[in-house]
Amino acid sequence: MEGTAPPRSQDFNIRVTYRDTDQMGVVYYANYLVYMESGRAEYMRARGWTYRDMEKDGYVLPVLHAECTYKTPAHYDDLLRVRAILETVTRVQVVFRYEISREETGELLATGMTRHAFVGLDMKLKRATPEVVARLLGE
Amino acid sequence: MEGTAPPRSQDFNIRVTYRDTDQMGVVYYANYLVYMESGRAEYMRARGWTYRDMEKDGYVLPVLHAECTYKTPAHYDDLLRVRAILETVTRVQVVFRYEISREETGELLATGMTRHAFVGLDMKLKRATPEVVARLLGE
Amino acid sequence: MEGTAPPRSQDFNIRVTYRDTDQMGVVYYANYLVYMESGRAEYMRARGWTYRDMEKDGYVLPVLHAECTYKTPAHYDDLLRVRAILETVTRVQVVFRYEISREETGELLATGMTRHAFVGLDMKLKRATPEVVARLLGE
Amino acid sequence: MEGTAPPRSQDFNIRVTYRDTDQMGVVYYANYLVYMESGRAEYMRARGWTYRDMEKDGYVLPVLHAECTYKTPAHYDDLLRVRAILETVTRVQVVFRYEISREETGELLATGMTRHAFVGLDMKLKRATPEVVARLLGE
């Protein structure tokens, strides 16, 4: 995880709470998808157009597909670094990839991806305008 | 917990999942409030007017106050019995009490209460009609 | 989803709670992984060897990889049918597939898969005995 | 919430995620107890003795009783300020109070309290040493 961040990516830190653990003493597997959600929210915030702004502009981004590969468990009170990387964006779909690592050691814990559709507030497919695509790209 | 159920009460069973546990090997404390939510939903379903029906009729019941007293921890895979008891209902407020026990042994694990306001879909206070009060009472 | 269940599969029902929804008014995407966890727990229970039994016998099944494809959203109070299907089991790994549908209509909402390693209570890889493999197969 | 923080208190910020909301478009009520947990963890971290340190020293602090009073709802993407205040600590019990407000406006959203017992890793009551009490007080 060391070195420079890739383009179109955003890092942020999150602390593992007790809620996030399970009785194996590690972070419960579904919670990595929650970290991924926060990761893409922070990606957008860093480009000056938050997920909340996007909703006000009439779009939501429901998840069509999600994957996560688990390498090493995270534990209570670990400070995680979540990196969200905008893989592709078209006027129809968006794909994010994620790398979740332990901040202190840089150890990579999990990788993931999510694929989303642009949808209007009526939950029907809605082609994104070029401006919306540009905002996600941070252009 | 033995004996007959009190009037205006409803029991239902829920199985503890891995998600519900934490690294102490017991159910995480906030999740009892989730069980309590399911308990009042089942109370209403048993009276033929579900929470979803109530929302369609223009009311929601946000929580004003919640309490839980923890006696003995619940563990993974325990089958719980959640008893929701309608304590009081007026045209303005509703109070539920809860008893959560281990089905197999009858042991009481936790007790709780929630106080709710009748609110319209605009999130403003809205007096319940006598019919709404009667439905909650199962009359 | 109609017709007979495939071999090595198990169905169970779960009711969507308020906790499971998000502000889009649908089930939050990470919660499908929770339903999948309950699905494989019920698969094992139906074969007379619960996940808790397995832990007592010295094994846990951490998730190596998880995927979920979302077709149609689930809503509050929907009764879901979760089908867990044991895809493969070796002495090293287990793969489950899942189909999540709306009980009332039979509509398929999501499909998923999880791959697991056999691990001992020390969290190190541990080859399953043939008896353990047979138990998962229900033989 | 403006002005100086009370003694024996600690503030920290947390951002509301999609997971934390429900279909009413507000933070689900049980999640305030999660924020309260993070609040007391940050209280301890600021005194140089984290909850994880405490566990290594042989204590856990299970919740005996929890309460929350909800004044105004929190929404998606709100930046919350969670203030944890150590109300009392004896060799047997600890009581924390909490104030949860919206960082941007200072508006108070909820207040709460939790009462905890000192327990050993065997989950039996264990009197805290004077050193443990002093650490919680930050002395």
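All chains are identified by letter, namely A, B, C and D, in their written order; residue positions are counted from 1 within each chain.
In this section, a contact is a pair of C-beta atoms (placed from the backbone, for glycine too) under 8 Å apart; a residue touches a chain by one contact, two chains touch by 3 or more.
Here the structure is a predicted model, which is why all the values come from computation and not from measurement.
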Per Cα centroids, the chain farthest from subunit C: D
B-C or A-C, whichever has more C-beta pairs in contact: A-C
Cα-centroid distance, subunit C relative to subunit D, in whole angstrom: 34
Centre-of-Cα separation between subunit C and subunit A, whole angstrom: 24
Interchain centroid distance [CA atoms averaged], subunit B/subunit C, Å: 27
Contacts with two or more other chains, residues of subunit C listed in rising order: 18-19, 24, 26, 30, 34, 37, 76
List of subunit A residues in touch with subunit B within their complex: 18-19, 21-26, 28, 30, 75-76
Subunit D-touching residues of subunit B, taken from the complex the two chains share: 24, 26, 29-31, 33-34, 37, 60, 62-70, 73, 123
Subunit C partner contacts - residues on subunit B that touch it in the complex: 15, 17-19, 34, 37-38, 41, 50-52, 76-77
